[in-house]
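Following are the structures in question.
The same subunit A turns up in both complexes below, where it pairs with subunit B and then with subunit C.
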Partner chain A sequence: MEEEETYLELYLNQCAAQDGLAPPRSPLFSPVVPYDMYILNASNPETAFNSNPEVKETCGGFSSVDLSFLPDELTQEDKNQPVIGSKHETEENSESQSRLPSPSDIGLGSNSPSLSNPHSQQHPSDTDSVQASPEKPDSNSLPLASITPMTPVTSVSECCGIVPQLQNIVSTVNLACKLDLKKIALHAKNAEYNPKRFAAVIMRIREPRTTALIFSSGKMVCTGARSEEQSRLAARKYARVVQKLGFPARFLDFKIQNMVGSCDVKFPIRLEGLVLTHQQFSSYEPELFPGLIYRMVKPRIVLLIFVSGKVVLTGAKERSEICEAFENIYPILKGFKKA
Partner chain B sequence: MNNTAASPMASATSSSGRSTGKSVSFATELQSMMYSLGDARRPLHETAVLVEDVVHTQLINLLQQAAEVSQLRGARVITPEDLLFLMRKDKKKLRRLLKYMFIRDYKSKIVKGIDEDDLLEDKLSGSNNANKRQKIAQDFLNSIDQTGELLAMFEDDEIDEVKQERMERAERQTRIMDSAQYAEFCESRQLSFSKKASKFRDWLDCSSMEIKPNVVAMEILAYLAYETVAQLVDLALLVRQDMVTKAGDPFSHAISATFIQYHNSAESTAACGVEAHGNAIQPCHIREAIRRYSHKIGPLSPFTILALLPRLECGDMILAHCDICLPDSNSSPAKPLK
Partner chain C sequence: MPGRGRCPDCGSTELVEDSHYSQSQLVCSDCGCVVTEGVLTTTFSDEGNLREVTYSRSTGENEQVSRSQQRGLRRVRDLCRVLQLPPTFEDTAVAYYQQAYRHAGIRAARLQKKEVLVGCCVLITCRQHNWPLTMGAICTLLYADLDVFSSTYMQIVKLLGLDVPSLCLAELVKTYCSSFKLFQASPSVPAKYVEDKEKMLSRTLQLVELASETWLVTGRHPLPVITAATFLAWQSLQPAYRLSCSLARFCKLANVDLPYPASSRLQELLAVLLRMAEHLAWLRVLRLDKRSVVKHIGDLLQHRHSLVRSAFRDGAAEVETLEKEPPGQGQGQGEGEVGNNSLGLLQGKRPASPALLLPPCMLKPPKRTCPPPQVSTVTGDEDISDSEIEQYLRTPQEVRDFQRAQAARQAAMSVANPP
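Take a look at the complex of A and B:
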């Protein structure tokens, strides 16, 4: 509890020091926040983190982990104390650790090592506090400020066990050395290189079945994996291929840029009703695209909802965002079930 | 007007009685489109043929004007800028068009990120495609804007009254459907002129033109055609509702078409199937709508629905406002349509 408060103060000082950064509470918890403002706020703590790693070591890491998931179920607790927003993020983070179903835990577990990898010496306290918090039984009783949830409170069991399946993960990694693309294309198997068309080598491996774009600057994009570990494993394999060709390749800044998941609610949905009641979040132009595009603000996920009941979720940086977004949308979709 | 509508009524596909003997007809697609926009389940074929005629005339006019504008510029293709230039006077319609273009860009961006192969394709073809329609629109409006009004439209977040009314009508229509009907309705809604691009081009007889529109311009034309159909259906529904005499209600003329439709459908859900033809829009409704809204232009000049939209918007807005002020259906003295 003590260490969380010091991290909290550091984080708040960082936020207060940044110009033009709205207080973390309002954009995150207001239901009708403009989409742009939310993006600006959410990305700022992360950029601050990246640029000043040695100064903001612990609190910066905290913000990039905390802001991403805030389960709505916590809002049913006591709301009388006007504590500042980010404190609840830390508490809710601990809540989410203990309550989310196991696939999310695995996801989180693999994420924190990946976060700590490039800055390993800076984050032992971060991962410790994140992992130690489930052991605190009194975190449930902590009061929350008056958060206005955008969507009705849902419990995990309401989704009837439907868990979105990940379909595609896009990640980037920096190999940190200049590469000779022609040499790579000549010597590597399954590599294409057409400099007139595109300035990168396209390499594919069969296990995990992925595709990579390797640029001469040393940066690489890996797509097609179906889980975070697979994406990381595939990226490592590509890096090894490059290494074996004689380049001093390293494995820096592995970051998952986008995750796409999909699932099926198994009932038809009346999209006309949904677009009317959630106008500020959805757009539905059936002559353009058969699905409704729903831009959820918290978490910042785009959902494509189809009449058949299939839902595609994209724009997530972590698995928990996809699960949370689905948990948020499921009761809304049930309300527009076409009998 | 009456002659051209009467002659092709007999056969489904022949259009030799009309302007240039074109063999392409969108009548069946238009019937589905009109259903999705608020008409009865089986719209009348004659109505569809008439609507097709009207839309065709409008688009040919628009294309000719756009071709003239391109020629003034010395260009060899009709670009979206020419179409935007023609629409610069009508802010509401222009705003709707811009919103459509942005949504189109956004949808491409999202859908591209979903599929891995699409993502690679996009990277390979160069990442200049992102938001291209938005860029085109912004650059062009920047260049012609003298007073700052046009650029202000990009930040404008007002609710589009007409679109709102259409959404509400669709919602009411779908509320009473079962899943099979709803599936059919959704398929009808997905129809558009841009899905049948080559047929659309033939329909407009683009190949015989000297200056042809490019890809984005064709998208805009398809959208404008769809908008014209939607406007015609909106107006025809209004006219149809006006034609019913209601006894004893001094405010009945102020009740909007959507309100009456709701009241009607709430009372006669069982009879919906039987009345499918009875509720369909008749060609006379369309003609009356056109007559009503073209009297300002003059008897000799061809009417242009697209240019008339300021008036149409005003009419719809007033009626939409009246709808809000009215008491709910239980206490309303208005008689249902019969």
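Take a look at the complex of A and C:
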């Protein structure tokens, strides 16, 4: 035990020296502890795996430890991902390339933070290794992340295969040149410009069906797309239109600002009960709005929950946040299924 | 009156004792300014009420408080008095207002918003003490828009980080029902329409409980449900004379506003009662309809717990099992209802199989079928053809035509509005 600890310390010092190379990839990663590290050693491992490219080399040193229990995916990695990251890191990556997380994703299961506690089934081996590890100093998400199940099946059966559909993406891009809005409104068929009402040109294209607000500073907001790629394509088309009108438009800093998704859990929900048990997150005022407004802390998403079981999720910057938020809320909603 | 002092605003000695609600006040008969409120005043309360107090006796209390905040605090106290709230509520509401005022966003807000903030503080205080005050009532008192009230309310709850409990339905029923003017005979209320308050209250409460158990209250404004329940309770206590009275007429003679959704809540409640009646042996044979079921509301309420259990199967579980089976009819949620209807028609004398216990929005067929989401294979980096972009641009000829049309329109407009 002593040797493993000092070895880890050495390694950590190395990492600390190269730290600041890449910021933590997303809030999803940092607090979730890769559970395999419990088996390997007893120290705080979460600081170690901050998407540091050096991990790949140093992990070779752990070959002395038996890693055969880990599933095969971990052994073949993406080039740009640390090797012994938590499994969800790999899944995150593949997710961003292929649209939807595959049903066999264990990573999604291990992502479940404090809120989805009740359903996690604990394997004896897990709890043993958990108890062997020392106490976590801080946040309440960590101890519960440590009891997340190792097998993939749990997370899938929880959600019954319901995946939130994206309904709207809002993105911004900088065209990096001053624009003459009057000229744009004159030469473009699909533009409307009413300076007394709003100081931007409202332009629409048919494919993908989106609307853009183009400001004279050269900044543009693109709304209405149903996926990130569609939003990017649409923004490029608007930039091309502006280019064709004679402006030296470029395509800088494309960023997705907001994503809205919706889904249906297909059972009625007792909103009055939900607001009682989750008072610190929920706001339910039937006199003002028929739905319950649930402000999830991690990930930072706002959910509108209706009595018919329909859920609207908004405020996400990435698709994974919406999926994660839905996975967090689904067990809570199931708890309110029966009257 | 001599010896009572002078008015600080105009200096007149003509001070008259007047009362405003329950407060006795000294009012100047010349300029109308209120000199003192209440018989007992102290320098402290005088200063708090924006009365001028001589410097040597002032407590310095209001030095740090801005005039607009003082005005707001006064409004809070006035509102509490108008609503006849217990005295402790006033202090809590004032504390909330002061707390809100510490935030820069509130200090810089418009007067309209500050006015609405007064209502918000009072509402939060009432909610925390389970005092049934609706937002509609406050908006009427403050002549405020519900939208403005709603945004200010949500903002202040978030800003102050408060836990505001939900509106207490039982208390609201008691207060609202008591406001119906049906407990004494009067020229507008015939003798047969007069009802005992306690009986009506208890029956209304039972009906509201039934409504909330059968998903009629969740997500809806609470007041129309209570109106419908009160009406049914009143009708059922003496159905012989009261069945002929409509909901609108009932509200008119009770001197209460009829909220718009109340009639649809009434229909929903009657539908629930009819379903329950199917499972009561001696009512089943009567083949009740929406009017005749009112006579038996007493019986239905007496056995409501067991009736709800037998008349309604768990809608949630039902929808799930229906979906897991291979859909014979190919529909999602409509299956349960369709199945139920056909069964109800087939079985004559026997009770219909239990209906789904679901909120009405889930029982109605969807207005439009959602198209299945198309899986798009867009990568975002595709080539954009020139022709596609050109379809959005005007040709030079079109530009000239457009400019000409615009100029003509401008000319026409300037002719229409001669300088």
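What we mean here is this: the second predicted complex is superposed on the first by the 182 of 339 C-alpha atoms of A that agree within 3 Å, B and C clash if a C-alpha of one lies under 4 Å from a C-alpha of the other, contacts with A are read in each partner's own complex, and residues count from 1 in each chain.
We take it that a contact is a pair of C-beta atoms (placed from the backbone, for glycine too) under 8 Å apart; a residue touches a chain by one contact, two chains touch by 3 or more.
Computed from a predicted structure; not experimentally measured.
Asks: In the superposed model on subunit A, is it clash or fit for subunit B and subunit C?
Replies: Once subunit A is superposed (C-alpha atoms), there is a clash between subunit B and subunit C.
Asks: Using the touch definition from the top, say if A:Lys237 reaches subunit B (first), subunit C (second), both or neither.
Replies: A:Lys237 contacts subunit C only, not subunit B.
Asks: By the touch definition at the top of the document, which applies to A:Glu272: first (subunit B), second (subunit C), both, or neither?
Replies: So A:Glu272 meets both subunit B and subunit C here.
Asks: May I ask you to decide whether A:His187 touches subunit B, subunit C, both, or neither, giving the answer as first, second, both or neither?
Replies: A:His187 sits against subunit C, while subunit B stays out of touch.
Asks: Where does A:Ser283 make contact in the superposed view: on subunit B (first), on subunit C (second), on both, or on neither?
Replies: A:Ser283 sits against subunit B and subunit C alike.
Asks: In the overlaid three-chain picture, which partner chain does A:Leu304 touch, first (subunit B) or second (subunit C), both, or neither?
Replies: In the superposition, A:Leu304 contacts subunit B only.
Asks: First (subunit B), second (subunit C), both or neither: which does A:Leu245 touch?
Replies: second
Asks: For A:Arg226, is the partner it touches subunit B (first), subunit C (second), both, or none of the two (neither)?
Replies: In the superposition, A:Arg226 touches subunit C alone.
Asks: Applying the touch criterion given at the start, work out whether A:Thr314 contacts subunit B, subunit C, both or neither, answering first, second, both or neither.
Replies: It touches subunit B, and subunit C stays clear.
Asks: I need the one stretch of subunit C that runs into subunit B once the two models are overlaid. Options are 27-35, 45-53, 99-107 or 279-287.
Replies: Between subunit C and subunit B, the clashing stretch is 99-107.
Asks: List the residues of subunit A that touch subunit B in one complex and subunit C in the other.
Replies: Looking at subunit A, the two contact sets intersect at 268, 270-272, 275-276, 283, 285-290, 307, 338-339.
Asks: In the complex of these two chains, what residues of subunit B are touching subunit A?
Replies: Result: residues 36, 100, 103-104, 106-107, 110-111, 113-116, 119-120, 123-124, 167-168, 170-171, 173-175, 177-179, 182-183, 186, 189-192, 194-195, 226 of subunit B touch subunit A.
Asks: Tell me, which parts of subunit A touch subunit B in their complex?
Replies: So the residues of subunit A in touch with subunit B come to 167-168, 170, 197-198, 200, 202, 211, 213, 223-224, 258, 260, 268, 270-273, 275-276, 283, 285-290, 293, 302, 304, 307, 312, 314-315, 338-339.
Asks: In the complex, go through subunit C and note every residue touching subunit A.
Replies: My answer: residues 134-136, 146, 150, 153-154, 157, 163, 166-167, 212-213, 215, 217-222, 314-317, 319-320, 323, 332-333, 357-359, 361-362, 373, 375-376, 378-382, 384, 388-394, 398-399, 402-403.
Asks: Enumerate the contact residues on subunit A facing subunit C in the complex.
Replies: The contact residues of subunit A facing subunit C are 99, 165, 186-190, 205, 207-208, 226-233, 236-237, 240-241, 244-245, 266-268, 270-272, 275-276, 279-280, 283-291, 306-309, 337-339.
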